[in-house]
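Handing you a structure now.
Labels for the chains are A, B, C and D, by order of writing; each one numbers its residues from 1.
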Amino acid sequence: METNALSIGFAGLQLENPTMLASGVMGYSAESFHRIAKSGAGAVVTKSVGIQPRVGYVNPTVVQAAAGLINAMGLPNPGIDVFSEEIKFSKTILRVPLIVSVFGYSAEEYATVAKKAAEAGADAIELNVSCPHVKQTGAEIGQNPKILAEVVQQVKASINKPLIVKLSPNVADITVLAEAAVKAGADALTAVNTLKAIAIDAETMLPILANVKGGLSGAAVKPVALRCVYDIAEKFEVPIIGCGGVSNWRDAVEFFLAGASAVQIGTAVADDIEVFRSVTKGVENYLRKKHYRSVKEIVGLAHRK
Amino acid sequence: MPTANNTLRTTQIVQIRTESPTVKTFVLPDRLCCKAKPGQFLMLWIPGIDEIPLSIMDASNGLVSVSVKAVGDATRHLHAMAAGATVGVRGPYGNSFTESRGRVLLVGGGTGTAPLLFLAKLLASKTERLSFVEGAKTKDELLFVREIGGVCQEKNIITTTEDGTAGLQCLVTQPLASLLDKDRFDMIYTCGPEIMVKKIFEMTEKRKLPIEASLERLMRCGIGLCGSCVIGKYRVCRDGPVFNAAQLREMKDELGISKLGFDGSRIPI
Amino acid sequence: METNALSIGFAGLQLENPTMLASGVMGYSAESFHRIAKSGAGAVVTKSVGIQPRVGYVNPTVVQAAAGLINAMGLPNPGIDVFSEEIKFSKTILRVPLIVSVFGYSAEEYATVAKKAAEAGADAIELNVSCPHVKQTGAEIGQNPKILAEVVQQVKASINKPLIVKLSPNVADITVLAEAAVKAGADALTAVNTLKAIAIDAETMLPILANVKGGLSGAAVKPVALRCVYDIAEKFEVPIIGCGGVSNWRDAVEFFLAGASAVQIGTAVADDIEVFRSVTKGVENYLRKKHYRSVKEIVGLAHRK
Amino acid sequence: MPTANNTLRTTQIVQIRTESPTVKTFVLPDRLCCKAKPGQFLMLWIPGIDEIPLSIMDASNGLVSVSVKAVGDATRHLHAMAAGATVGVRGPYGNSFTESRGRVLLVGGGTGTAPLLFLAKLLASKTERLSFVEGAKTKDELLFVREIGGVCQEKNIITTTEDGTAGLQCLVTQPLASLLDKDRFDMIYTCGPEIMVKKIFEMTEKRKLPIEASLERLMRCGIGLCGSCVIGKYRVCRDGPVFNAAQLREMKDELGISKLGFDGSRIPI
């Protein structure tokens, strides 16, 4: 098998393999991106960046649940001006696409941050319109198709780079939001961000996270994330990046079969930073065993009738 | 993915000891942290307030101890707690010091002495010689003097204070130079303020001596995800907190110079 | 401690302890209800019943996921006319409240079935407006506040028994649906039904469930279910029955603290039918240790400021 | 909650044997079902078609065997498969026959003979005497004649066919009455059509003999949740499929009389 069985291109991005670091995980520094790339990731997505610096929430910001984690970091980030330097430096050492995740409190803010990120050298922009635990941004935008469309349009108009919109699973019908994003100009979709959740401690009778509510990630959400990808792929032709609970090659293959062209991995990095390599190797073996020449050939196969 | 270590356990503080005007030791029952190795840390939840990383100072018989300096909101709330109070624990996390034989030197500053004391107890019977250099601002803040005396021979202990109220009047790094030149050491372990660690690392590098240093960084998740604790390409929580000479060399642009702040921007140390 | 520390009354129901069998689990026969009651349940909810018999879907109807199950039974049920006999017989042997779960394809159907169930002796009616895998009923009603209100109103007008509405977590904001249900006359809410999910098999490249999509239950969904209860309790004063991933006393306590007056248990019955007794015992010990005289005292405590 | 047993595993059929014009045996590698005990069953996924419960007929060396009669859509699809085809497996599920010593009688009808053969192999060396009574419509449908001959002595085997093409011309229950009167049995095991099971149970009850019968019901989840397989207060998948005399007595209003159909209503057997 040629070594490029794993390479995949979509939305103007060219990936050597279809695994990416999910936003928010080890996502601040060029050295971290570099290390993740060396661990086998085909692309890296940065922590979500806004217009101003944010210190995020007090701890606890992460708590374990059954087969997953609940986090409420509160979008800590140094602001796009400071982060632009990190983007520039990253581009000098990184040999895989760097996707900058962006958030804002208005369409204008999203556009401003995205523009600066693109100018600093981002290979693509991912819009975080789905963070479930920060008020007035994140999911509040990602749950309303009209507001979402406006944000996507303004960002699209202000950058010349591929635009990925990361969707929230906390909606009644994700295809409505997907449609709004695509019609407004999204080149690809990431599905999905975390599920809105809470953890309460019986002993102290208190919510554990300082922010009370957070987002559930990890294996627990995989069946929901996979269903979101399946739902979108059933309705549109749009490149989808699957995200939620991927920790081994089998999970990744399930996402490809559901209709994803690539997968993002977040929580599983806690277990093993080399997860990108092991997933990629596993997918490669799978393709070989099944006599496929490219991962592209299996995208969406679970929909065949 | 979900591991026993990562599960938040609530437990009741069984004992509180005052070690110095600013440092108290808290003893907690915990099934998992009581099996920790020297160098590992835990995440302590102070309900309703904060959750902070703390080095494990002792672990045995179902109990784990941490020694905490009151420096801000979380640590002051902790200091205000009484035995019986409920806290949460996750961990133990991180790697641990490697076990060396031969002639070993431990250099501790401030609460950094805590994990070294834990290590010293473990190494006492296994090494040829165990030397301890400890420094503090003033006599009152010299931690675990009695305990260190219990594991190291008197002649192998050096203490320094900035105000000269006990031991030598100097920084902890001062007596080190001659000690390192005079004696042969098979391993140097250190933990304390990062400026101190940096200086000691420079000294060991000059002399091509092996070293292991435990570092501190802002930590949120403690499990290698959030990126808050990154130094160079390493996550202190997951790849550390103990780093060897080769690793310290890789992070020399940041060690003792800058760290990530709460917003993820680099700030000077 | 008096033995009635666990008893709780709400919405006109009186329970000896705050655990119930969730709808759909062992939910067809009087003997099963009786056995569940003997295993310690404070009430039992039947499988959802419609106006006509339904055979449900072909197998596979259940598949395991990380920390949970995905099911798509397809609402198999004998129809309310046949089931009325079972209700009548149940009432002759059962000493705990029998709650009949009802579904329909229109407000009229819901009302008709509910009326017959009430006439046959149901102690309360639970409306299943949240089944995520049967088209034109279930979640499609439960995701739309207007349709939901209409269904609740019509049912309420046709019965004289307590009316419980079981909500779907597959919505952007569960409090909107909760509000619609309460304003339309719901006496209590059950939160929640399953999360819409899918399982795909890498080897055969096929969705595993015959119905393709199903509902995720079990420990995996607990943080989401708990958040739903917390969200509702934050906004209204309405009795809530927590449901989703309860398998031990600690889970139950977390639901009480979040604002639930009782919990339903489904998936955990697969592990141990005596789960009702062990949960109840555990809650009792907890209350004693914490010096509470009644479970009522801890309902909603996680909301204290 | 999530258990290895409940995880759906895909595997490839390694061998298919034709046992009769309507019954084939399928041999599959499966790490968990190969450790099953006689009486347990598995859920077999025929991808894209159905998932059905099947008694385990043999289990050893990493392999599990099931013998399947083509009666409808799923079983016909299975019969049409060739070695190498992919199927899914969950289980093993349910309880198993208890192991008795002394004089043991096994009574099988149709594919109900399969789990009894598995049991017979296990009991062969442990019992004083092992008798087997097997019935079928016609000679061709008498299953495992050779295998039963391998574990029971010739004189302890009785076969019956409805058309008289082999053994006695009668129902399997016919020779039983005199056998039970003539001989002492310490345990009777049975599996087969429910009418047969019911008759045999009536015979053992009359004589106050111990019995264990494996029952079949419509099964969907296989893990005690969906309620499809309920008989009386019992779930066949979880509390059974093997029931003893005391339990069979509790379900006498339904045994051989009615069962739940796909819509959960009671239908006559």
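Going forward, a residue touches a chain if its C-beta (ideal position, glycine included) is under 8 Å from a C-beta of that chain, and two chains touch if they have at least 3 such contacts.
Quick caveat: nothing in here was measured; it's all calculated off a predicted structure.
Peer 1: Using the contact definition stated above, find the chains touching both subunit C and subunit D.
Peer 2: Chains that touch both subunit C and subunit D, as defined above, do not exist here.
Peer 1: Could you work out which chain's C-alpha centre is the most distant one from the centre of subunit A?
Peer 2: Farthest chain from subunit A, going by C-alpha centroids: D.
Peer 1: Could you tell me the distance, in whole angstrom, between the mean C-alpha positions of subunit A and subunit B?
Peer 2: Chain centres of subunit A and subunit B, defined by C-alpha means, are spaced 36 Å apart.
Peer 1: From the mean C-alpha coordinate of subunit A to that of subunit D, what's the distance rounded to whole Å?
Peer 2: 51
Peer 1: Where the CA atoms of subunit A average out and where those of subunit C average out, how many Å apart are those spots?
Peer 2: 34
Peer 1: Check each residue of subunit D and list the ones that touch at least two other chains.
Peer 2: Each of 2 in subunit D touches at least two other chains.
Peer 1: By residue number and range, which residues of subunit C touch two or more other chains?
Peer 2: 65-68, 206, 219
Peer 1: With chains as vertices and touches as edges, which is it: line, ring, star, complete or other?
Peer 2: If you draw each chain as a dot and join those that touch, you get an open line.
Peer 1: Among the chains present, which pairs are found to touch?
Peer 2: Touching chain pairs, listed by label, come out as A-B, A-C, C-D.
Peer 1: Under the stated contact criterion, what part of subunit D meets subunit C in this complex?
Peer 2: Listed in rising order, the residues are 1-3, 6-8, 10, 43, 45, 47-52, 86, 88, 90, 220-228, 230, 232-233, 235, 238, 260-265.
Peer 1: Quick check on the complex: what are the subunit A residues that touch subunit C?
Peer 2: These residues of subunit A touch subunit C: 65-68, 70, 139, 143, 170-173, 195-200, 202, 205-207, 212-213, 216, 219-224, 226-227, 230, 245, 250, 253-254, 257-258, 286, 298, 301-302, 304.
Peer 1: Show me the residue ranges of subunit C that touch subunit D in the complex, using the header's touch definition.
Peer 2: Those residues of subunit C that touch subunit D are 24-29, 31-32, 34-35, 47, 53-56, 58-69, 71, 73, 76-79, 82, 201, 203-204, 206, 208, 210, 218-219, 247, 266-271, 273.
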